[in-house]
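The structure under discussion appears below in the form of structure tokens.
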Amino acid sequence: TDLEVTHWWTSGGEAAAVAELAKAFDATGNKWVDGAIAGSGDIARPIMIGRITGGDPMGATQFNHGRQAEELVQAGLMRDFTELAEKEGWTKLIHPKSLLDGCTLDGKIYCVPVNIHSQQWLWLSNKAFADAGVAVPKNWDEFVAAAPALEKAGIVPLAIGQQPWQTTLAFQVILVALAGPETFQKVFGDKDATLAAGPELAKVFAAADQARNMSAKSNVQEWNQATSMVISGKAGGQIMGDWAQGEFQVAGQVAGKDYTCLPGLGVNEIISTGGDAFYFPKQTDPEKAKAQEALASVMLSPATQVAFNLKKGSLPVRGDVDLNAANDCMKKGLEILAKGNIIPAPDQLMSADGVTQINDLFVEFFANKELSAEDAQKRFAEIIAAAD
Amino acid sequence: MTSVVVKDVSLSFGAYDVLKQLNLDVPEGEFLVLLGPSGCGKSTLLNCIAGLLDVSDGQIFIKGKNVTWEEPKDRGIGMVFQSYALYPQMTVEGNLSFGLKTAGMARDEISTRVARASEILQIEPLLKRKPAALSGGQRQRVAIGRALVRDVDVFLFDEPLSNLDAKLRSELRVEIKRLHQKLANTMIYVTHDQIEAMTLADRIAVMKGGVIQQLDAPQVIYNKPVNRFVAGFLGSPGMNFLDGEVEGGAVPAFGIAGTKIPLDRYGFDHVAAPGKAVLGIRPEHVALGDAASTMPFSAEIGVELVEPMGSDTLVWTKLGGQSFAFRVEAERHISRGDRLCIGFDPARASLFDGQSGKRI
Amino acid sequence: MTSVVVKDVSLSFGAYDVLKQLNLDVPEGEFLVLLGPSGCGKSTLLNCIAGLLDVSDGQIFIKGKNVTWEEPKDRGIGMVFQSYALYPQMTVEGNLSFGLKTAGMARDEISTRVARASEILQIEPLLKRKPAALSGGQRQRVAIGRALVRDVDVFLFDEPLSNLDAKLRSELRVEIKRLHQKLANTMIYVTHDQIEAMTLADRIAVMKGGVIQQLDAPQVIYNKPVNRFVAGFLGSPGMNFLDGEVEGGAVPAFGIAGTKIPLDRYGFDHVAAPGKAVLGIRPEHVALGDAASTMPFSAEIGVELVEPMGSDTLVWTKLGGQSFAFRVEAERHISRGDRLCIGFDPARASLFDGQSGKRI
Amino acid sequence: MVEQVFRAVPDMAAVAPATSRASGLVGPSGPRPRRTFSRRNIFIYGTLFVVAIYYLLPLYVMVVTSLKGMPEIRLGNIFSPPVEITFEPWVKAWSTACTGLNCDGLSRGFWNSVRITVPSVFLSIAIASVNGYALANWRFKGAEIFFTVLVVGAFIPYQVMLYPVVIVLREIGLYGSLWGLVLVHTIFGMPILTLLFRNYFASLPEELFKAARVDGAGFWTIYLRIMLPMSLPIFVVAVILQVTGIWNDFLFGVVYTKPDTYPMTVQLNNIVNAVQGVKEYNVNMAATLLTGLVPLVIYFVSGKLFVRGIAAGAVKG
Amino acid sequence: MTPMHAGRPFRLFRNLNAKIASIPMILTALVIFVGGTAWTVFYSFTNSKLLPRASFVGFDQYERLWATPRWLVAVENLAIYGVCTLVFSLVIGFLLAALMDQKIRFENTFRTIFLYPFALSFIVTGLAWQWILNPNFGIQQVVRNLGWESFTFDPLYNADIVIYGILIAGLWQGTGLIMCLMLAGLRGIDGDIWKAARVDGIPTWKTYVFIVIPMMRPVLVTTLVIIASGIVKVYDLVVAQTSGGPGIASEVPAKYVYNYMFLAQNLGQGFAASTMMLLSVVIVVVPWAYLEFGGKRRHG
């Protein structure tokens, strides 16, 4: 049966990963109809939601699991997979458990997590630092210290794309690294506005200010263009989730040799366990419904998990798969995961509305030098206070 | 038998009343001309009769049948428009037969009718041409033909000649008159050209502001206009109007600036009440020289301006300080500054009330 | 002294020659009318004189100065357009003074001139209004005023009255004539209305196809047209044309379908060569009844159609099988089918060559 | 400006009296002499030329870039003509550029665009012309009110209407289908087209319409037999406006279709935004040009008719 | 006459065909425009998130809207962009039309050149200009390569002037049509006016400024409507050129609406912004539309 699957994985590494899912699904005798929407989740999500609410749902669709699809589930537009989950024992398979929590509403499971993405990575170009004649930094402070040397060598110290979510990501990563996971949880999870306005966050904002100065010359839009600057040595580093690794792989670079990764900016080795999940809008055609189940199972099968996540540069959602093929960075991630140094992803903590407002703030902050760190913090606190 | 009856018809566009409780009876076979200045509602009335405008009030009968709410095509009328309104993309033949085809008439019946109409109007050689390839006069003939083939009882003409030049206009005028004599249909003809009205009409209805001022035979309207408006509207050069006062007494007279015009020979409509009045006299009713002195009224005047018009000449002077024109034959040599004796017969004049403008 | 001289002027639009080696002398103070059918090049000639079109060849002199290459504003002309061409967003006063202001004239001089022009044209009360708030006649007056304030030697009018209705037209005609008498400027006036031409002109130039056919005083043109075109163009109702043959012999005569009209009293331009010819006689030169029998030629005819025109009546008949109209006074009661005796004096007729149409 | 140019004329006349013909005319004669390189002409043509360059520049850059290889582009001068002309980017843009797993470039979008554009243009023009005709000739009570609403609707940003339209389409079960999109284009094309047609039909002589009614023709007969044959100019304008508008539409195309029915603009956006490694500017430009080709050709072919039709339908109010 | 209104048909059925034929228009007007608008306004008073829900929060959404820097930037940008587009489109369009009206040669060629951008979508326009204005490849780099090292022209990357960078592309796309409209208007002016002005000795520029332009009112109105309706809708161009960046410097209201409705999944906020846009449209357009279509009637 043909099943249309929409997603926004169109960069090189992502496309290669999707191909693995498609291959696995096609092998079940069904057919993966690819519905890629380029740009980013920001462009794709409205279209997906429009399709679902408009009564022409696709077979399956990617969302960042968390609260993005919450209302669609509440409105009864999504298929309940509890039965299948119980049959296949997802609760046991999936590790960490919080992943499945993101898919659960009122005790029912509505989505299939396919990978774990962590945001807290600093990717460094070994070549850039060699060109600038400084050692590859081991943590954020060293990185900041090395920035002037990079600049002198005509290298942009920090590459950040102009898409709003990238700026927010950079901020959040800095926050977790410098202020610790509890603060993160309190600010984003508990919406603690006092804390958000407090001195601890001021430190973070000051660091973000530094980051923005270091990234002033990176005139790129997409995250993978920023990554490509790092790959080519035009930029010293990039704060980006582990999906950036896919790009390094496509470019044939080897972790440790060509590039270096610092989880938690080398300060606080903690990763967030967000990720992508697939939701299955309710279908009238029983054939399609069967295909949906097939897809759900195949997505969680160990083989697919390995193949997919290797290409994508993300971590598998089951703890029981063998990832010998994984590279350095991935292994670092797995270790941290195993240690349980994890925090939930911001998408799971905050509604899209709040996320958008924060995106708006940081994209402005990173582009507009006139917006001081103090003012930005004040506005940040206000948003946190009003967020739900 | 009456052919068209308009009964108490009113029509307004929004708050603006164009026709006001208008009544009109047209006997069968009559050539009725609606004459009036621009904007007086002539076309509106014609459109009401044709069914192209919905009346606000009143009724319309054609051949005794109440057609107030009928579609135009069911009223038994044919209409000819000022701009010809030929269908530009069809040949002349197509133009003539369009209505018949629409009505689903049989082929050979259509061709018989088209042949007949084009013979009457002598447009046979044009049948295969498109309107763009016709001269103004030919177009107008085709437009008439289109009404003709419909074989209707009543023809409506809305200023059919006013887009043509003077020469063609007078030619086609004669043709229309001949056509009426041949067909003997009822025809209602709108124009604001008084010459057309005079030459064509059995009766003329002079309209102003949506009201019929006078409805009568052309000569009556010309010679005995019921009010000053009608008097002024007909005739070119127009009637001379002299402002003055009717003086009662044994011999009623009309006084202007020292001059007195006796009115004993004037046929008063009703008893003359003294007061402000206007005396109207047509330029061609003014006699000159010897003939003038035999007239009941005569005066000596100075010539101000001479307008030779070819066939005759118009002479402008002042009478009692007011502008006054009269017509003489073209042979007469008169020039500016001449002093002449003129005279006229008040019996041929018209006298209007100073206030209401009504004929006294 | 000549005011405007047009010397050998030609003008073509692409391959199409509108004016062909045209010559024209206008003496100072003359009122010259250019008369001709639509498209004959009247406006084109006027525009050449005004400098609004570049001549293809030839020269133009105004007041003895060669202005062929001058800008319109430097030619000492004022022009009045058919569509008035008033500047719609300016008041009447603005319209009158805009040109003067642009020329940098002193304020008080401007107001003097505007005051004078508006007094002459009696548009003082309108000075503050915009053109949209004026009637047609008032607009035309303002348009004339705009030419007037320029204080020029030559006025050019391009069909200034043809957008007005008949009544207004005859009124303004008189005003223009008066204006000319007052100012005594040279005026060149384009029209295709022969009545206007007859009444206004000192001389008329009748044009056809870019060539002046005849240039003479109105009466001469009316009574002695040089060719059939001119004869037919002037006069309404038009001249009657009878096709026939000139027969030589002791007493030359004109033969149509059995009837012979003696031509001994006709003033031949040159010796009559026998052959096909056309006899033209104006409807008002035909006598009726007793008067007819005293005429050199008379005949009995049957009345086909009667057109009462108010002031007089047009009667259509056939003479020698050809359509023939004549004019009688309105009082005469004639109806269709009557048989009458008519007659005319061939001395007042015009005879044209059958081929060339030239007067014989 | 004009004035100054002509003021130079008398001097010229002084030197060139000999130009007058043998007929013995003395002094200026014949047409005014005009220099080809008068200041006026230099100003006019100079300005037009400069402006024309501004208008042509992007097209030039797009064409040139699309014919270069990536190495050449990285060298940097966007204005320099290609050293080595390559049609690779065009081929790639048309048939092999990838979005996600689909690597068939714009070709698929092209046929989708055709399948969307043709019925949309047809339907929207058919409906709008009948509306315009009804408004201009068969005025009935209230018609003007609806029309005013419609015209005000032309100003409403489409984003505002996206959601309500989703609901409407869902309710009538057309969401996601080709016909749903056709309907959306018809709806949003209606205000401006109706305005155009109404103005145009109102400028046709009303007597023609009356004559046809007297001849017994009804609403549809008059429309089909009398009005349509006379409306070529406005139909040309409408077709051009709609074809370009619908062909170029992105928002509706992306919101109301699904991947197999994506129009070309959406494919274009996908190709341009689905960056794999470095941005392939040459492919992007080729894709851009390919997408714009259809409307461009239409404009180049029928620009003259367009201008004439605009004069007939838009200017009269 | 006994039956005074005999045969008078039921009002609704007169011109029945015309009414039937107008149903699509009426439906569009009522359901889509009126209905959609009312629906939007209604839900702008709720706190609908991803799906519309009738839970009212009064004017909260509006208060939040006007406290949001992004919205304020968007409104300011729209004002700048609108005024500039209006002024420059009219001025450039008119100047070009006036030049084209000088009986020039190659008129068709020039007209085609000026008009062709109109055939391209905003997406295409945006991409082309993004490429030309890109500091690393475009004009800036070309000039620098020529030796002027300090030359800086990167409007799309400079938050202060980014809106003008968008304007350049917008004008490029739209002025051709304006020129065509103006040209049609110029050609529609009675030739006698020009002649009268020449006889009066009025210089060309003065004739244009004082006489011709005031006479072109109807064309100007049409043009204004076309430009204005384009301004309010500006969206694709911004998305294609800058995606609202750098930062939020080139945000426009339409984009704000779209983003909040679909990205932020805060329909209420999006609807509130829509309603503000609608309000401004209504304030400008309704009086005009009433005058133009509602008030007076055509002569018949």
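A, B, C, D and E label the chains in the order they appear, each numbered from 1.
By definition in this document, contacts are C-beta pairs under 8 Å (C-beta built on N, C-alpha and C of every residue); 3 or more make two chains touch, one makes a residue touch a chain.
Please read these numbers as outputs of a predicted model, since none were measured by experiment.
Between chain A and chain B, the least number of touch steps comes to 2. When every chain is reduced to the mean of its CA atoms, the largest separation from chain C belongs to A.
The interface with the greater number of C-beta contacts, when A-E is set against A-D, is A-D. Set against the C-alpha centre of chain B, every other chain centre is closer than that of A.
For the pair chain A and chain C, the distance between C-alpha centroids works out to 92 Å. Between chain B and chain E, the centres computed from C-alpha atoms are 53 Å apart.
Once the centre of each chain is set as its mean CA position, chain C and chain E turn out to be 55 Å apart.
In whole angstrom, the spacing between the mean C-alpha positions of chain D and chain E is 15. Those residues of chain C in touch with two or more other chains are numbered 71. Counting partner chains per residue, chain E shows two or more touched chains at residues 14, 136, 203, 258, 261, 300.
Listed for chain D are residues 3, 162, 269, 272, each touching two or more other chains. For chain D in complex with chain A, the residues that touch the partner chain are 98-102, 162, 166, 169-170, 173, 175-177, 254-256, 258-260, 269-279.
The part of chain B that touches chain D in the complex is made up of residues 47, 50-52, 71-73, 77-79, 81-83, 85-89, 98-99, 102-103, 146-147, 150, 158. Of all residues in chain E, those touching chain C in their complex are 190, 192-193, 195-196, 198-203, 206, 210-211, 214-215. Against chain B, in their complex, chain C makes its touches with residues 37-38, 165-167, 170, 173-174, 177-178, 181, 192-195, 198-199, 218-219, 222, 232-238, 282-284, 305, 307-312, 314, 316, 327, 330, 336. Across the complex, chain E meets chain A through its residues 49-51, 64, 68-70, 135-136, 157, 159, 243, 245-249, 258-266, 269.
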